[in-house]
Amino acid sequence: MVEKVRKLPKTFQYFKDEDAFAGGVAFCAGCPLELTLRVLSKVMGRQTVIVGTPSCSAPVLYGQNVGAWHKLPYYSCLMTGVASSATGLTRYYKKAGQDVNVVCFTGDGCAADIGFQTLSGAAERNENFIYVCYENEGYMNTGIQRSSTTPIGATTSTTPVGVAGRGKNTQAKNLPLIMAMHNIPYTATATLSHMDDLAKKMQKAMEKKKEGLVYLHIFCPCPVGWGIESDMSIQVCREAVKTNYFPLWEAENGKFKLTQTVSSPDPITKYTKMFKKFNHLTEKELAVIQAEVDHNFAFLKHLTEFGAHGQPAESPENNA
Amino acid sequence: MKEIRFHGRGGQGAVLAARMLAISLVAEGKCVASFPMYGFERRGAPVVAFTRFDDKQIMEKTQIYNPDCLVVIDPGLLKLPTLFTGLNPNGTLILNSSKVFDKQPNENLKLAGVVNATQIAVEEVGRDVPNTCLLGAFAAVTGWVGLQSVMASVGEYFGGEILRKNLRCVERGYNEVKVIKWQ
Amino acid sequence: MKAKKGELKVITGNSAAAYGAMLCRPDVVASYPITPQTEVVEQLSKFHADGVLEAEMIEVEGENSAMNAVAAATLAGGRAFTATSSWGLVYMYDAVLQAAGFRAPVVMANVNRETPGILAVSSGQQDMIQTRDAGWIQVIVENSQEILDTIIMAFRLAEDYDIQLPVMVNYDGFYISYLAEGVRIPAKDDVDQFLAVLKTQPKRTIMDPTHPIGAGSHGLMTEFMELRYKHCAALDRAKKKFDEIDKDYGDFFGRSYGGQIEEYRTEDADFVILTSGSAVGTSRTVVDAKRAEGVKVGLIKLRMFRPFPQEKLIKAIKGKKAVGVIDRSVNFGWNSGPIYTELRALYPEIGPMPILSFIDGLASIDITKPHIERVIDDVANAAKGKPYQAVTWIPLEERE
Amino acid sequence: MAIKKFSSKYEAAWSDANQQLLCLDTGTWRTKRPVVNVEKCTYCGLCAIYCPPQCMKIMPDHFEPDLNFCKGCGVCAKECLRGAITMMPEGDFDNEGKKG
């Protein structure tokens, strides 16, 4: 009997290297963070130094002083010092003439909150490294507290629902847009459901980091923190894109572009009903979220109408 | 060891004058120690700077309480009630002023050199930076440092046209200072 | 072989720190300005602009980033320098602790300035005291020349294979940071030669991208204790190493400072006073004056504060009749001077004797000659067996 | 008393995969295991692409979970467009992995 030999799908072509992580590592079952890290190591290869911090990724990235969970060089930081430590590493490698992908890998809690100053500083200095933020909309590692990227209405352990509380009562910080406004060479959003898009952006990051800071914002829902069945995490990523809740875009030298267009977006309720953190919301409250999603998307659309830095707007009359 | 205290205002170059004097003394083989004392660095606020020199290394790191010489860069500072406090007997004063004393301002003050450094600076440099002129006057009155050394030290901080103008100030200070002696 | 004499320049303590760093050819410099340290950053930037300093200059957005950047650079294999003061040191505190735990051989100039709660843009060693238990090597120096020389020595110490620890070189803000003195600036090739011994040592562990190895991993239970033990052992080795480096420096450049401590006229002294930083110089002149009056007083200059030079101090103080310590900071809770508190821990070894604490010089208050005379008089009386006051806040007390 | 031999050759907390590549027995975490129906597999690769621990082994004509590491999250089964993967309770299998 002749064995069927089939051609691997195209996505596998992005995986240039083998997985640098041990087969079994301490991430929750179904966690997209684990997938993000493994894909990152496959796409970026071994000339990569990961810089990280206490977070869900820490138990795996840090290793112990008798061994490591992965075969990548890793630099462990405090929450405040990720982008600045990466700066120190990058500058030394530059001085020593070594070409290295220095990749910061943190959650939104570090990137948007406690580590934001150093990230912003590194962006302004246009340091030659890649900052990957895995966005799970809160402090998942310490037990699901709110962060500044937690969406309005979401319940967390510090924004609980009660007689007076209705979940988080302020809007999320739009970190990828804020980073793009630093005029860095490359900013992009990505998520796991759109793997080719994600892998392409990781590849591009390695090129663009030669020009300066690259910021990748990867949507990574937390099965435990958001109340998602462990097999549903990729579905949630997909629905976030389909509702325009998490549009996939990139900004290259100031030129904004949607990398995934959604012809007829799903209503936000299709997304919010997928997990527990929005369960308590009334129709009125959900309408607020819908309005916010629409506004953010329209805003982004406007940005895509402008040319790159140093170029005139493509169609200025559209801006009216 | 000689101890010199500079009184000026932020922006008038008291600190720089103290530093330049130190440089010129080092050029003559002396050991020096010079430092300013101020809190916030603000234009117009009173500033004190200290310069010590000796043939051997200077150990003291304190402020100067018993100066051998006072250099007063702003005539308005003459009104400071503590200006002469602690002045050594046989004390010296180098003053930027358009007026010469009619009486001895302090019993310990035995030698004063008065020069209208502001006017000279305005004439030569075009603005009120009297410090280099007073260093010329200092060299003439005290004899503790040579004119050439002072001029060389000014060259450490300025170059080109502005150096030339400041060197004119030093020279005019040296030549135009009025010396008053008391018994 | 001897080094060339070096150029004599009148420069401030801050400039001396910048010169010291520049001469050691750091790969990375990251620093954030703060009074009274600002001039260090400016001078280094000037060196860089003039092409004299071929380092990666990182214009960080705060001190925390400065420390993180330099610590990371050293662990990547580089030589790195930073400088700070006061609240800047506080703002980088987490990174300061981390640098020590990482055994990152950073050299930092810390320009001593007051810190806690009461605003004071003025001199005081409280900032250094607050990082006492950070696991760093802390050295206190006295004048501009010593700043420059000690920073060069600090790189030799920090990067030594047996040490691998960050070194903080402390000098008093205002009194020394702005003090212009004639300073001998060694030739760069001589400094290269002095530091060349580091190249003959085994290679320390670094973040090399071609080797999968991670910095700052978990130390679990006894593994954690093992690393702490190694850290303490390295600190212990640093004492002797510092003495050796100081001697080497003296042999080569012609200037040395006694290593961990410097003893001044202690040999035949009945009693001694102990102090650090800018107060040492003034104390020397007062000791000389008192000696001329027949008072047998000696002076100990504490150069190394961490690790604490117990052995040297025991040897210097044992057999004396009393010792007085002048601190430019306070030990909250003990309500005395912190160096005094440290010295009291040596009580059984130095033998029973009065130990007096003097607090002076906070917030740029001048530690004057009369203040030091008073200290010597008080310790002299205590040495004679008269009753004494344990802690004296000199400027607050009228002398009886 | 003497210090015992140190466990790490390093002076500080360095983790070295050459010294030891740490690995958890995450296969024991499972309550359900993915079972692949090879007949239904179209080799689209989605199961392997989305598998969070990336433990889908590439076989010549299908993909097969590495049960040493598979945590049983079920993403592969959920993402498979053909329904070629079924999550089956672990209790149904004996120690050798055969269905009892």
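Order as written gives the chain letters A, B, C and D; numbering starts at 1 within each chain.
As a working rule, a contact is a pair of C-beta atoms (placed from the backbone, for glycine too) under 8 Å apart; a residue touches a chain by one contact, two chains touch by 3 or more.
Please read all numbers here as calculations on a predicted model, not as lab measurements.
Asks: Please work out which of A-C and C-D is bridged by more C-beta pairs in contact, and write that pair.
Replies: A-C
Asks: Roughly how far is subunit B from subunit D, centre to centre by C-alpha average, rounded to an integer in Å?
Replies: Subunit B and subunit D have C-alpha centres separated by 81 Å.
Asks: At what distance in angstrom does the C-alpha mean of subunit C lie from that of subunit A?
Replies: 44
Asks: Would you kindly tell me how far, in whole Å, the mean C-alpha position of subunit D lies from that of subunit C?
Replies: Their C-alpha centroids are separated by 54 Å.
Asks: Just how far, in Å, is the C-alpha centre of subunit C from the one of subunit B?
Replies: 34
Asks: Where in subunit A do residues touch two or more other chains at once?
Replies: 62-66, 68, 70-71, 74
Asks: Multi-chain contacts only, two chains or more: what residues does subunit D have there?
Replies: Expected reply: 7-8, 10, 13-17.
Asks: For this structure, give each pair of chains that are touching.
Replies: A-C, A-D, B-C, C-D
Asks: Residue numbers of subunit D touching subunit C in their complex, please.
Replies: So the residues of subunit D in touch with subunit C come to 3, 6-8, 10-18.
Asks: Can you list the residues on subunit B that touch subunit C in the complex?
Replies: For subunit B paired with subunit C, touching residues are 18-19, 22-23, 26, 31-37, 39-40, 58-63, 65.
Asks: Touching residues of subunit C toward subunit A in the complex: what are they?
Replies: 27-28, 30, 55-56, 58-62, 64-73, 75-78, 80, 94-95, 98, 207-220, 223, 227
Asks: In their shared complex, at which residues does subunit A touch subunit C?
Replies: It comes out as residues 20, 46-49, 51, 61-66, 68, 70-78, 80-81, 83-89, 91-96, 98, 100, 117-118, 120-121, 124-125.
Asks: What residues of subunit C sit close enough to touch subunit B in their complex?
Replies: 8, 10, 12, 121-122, 142-143, 172, 174-176, 178-182, 278-279, 281-282, 284-285, 364, 366-369
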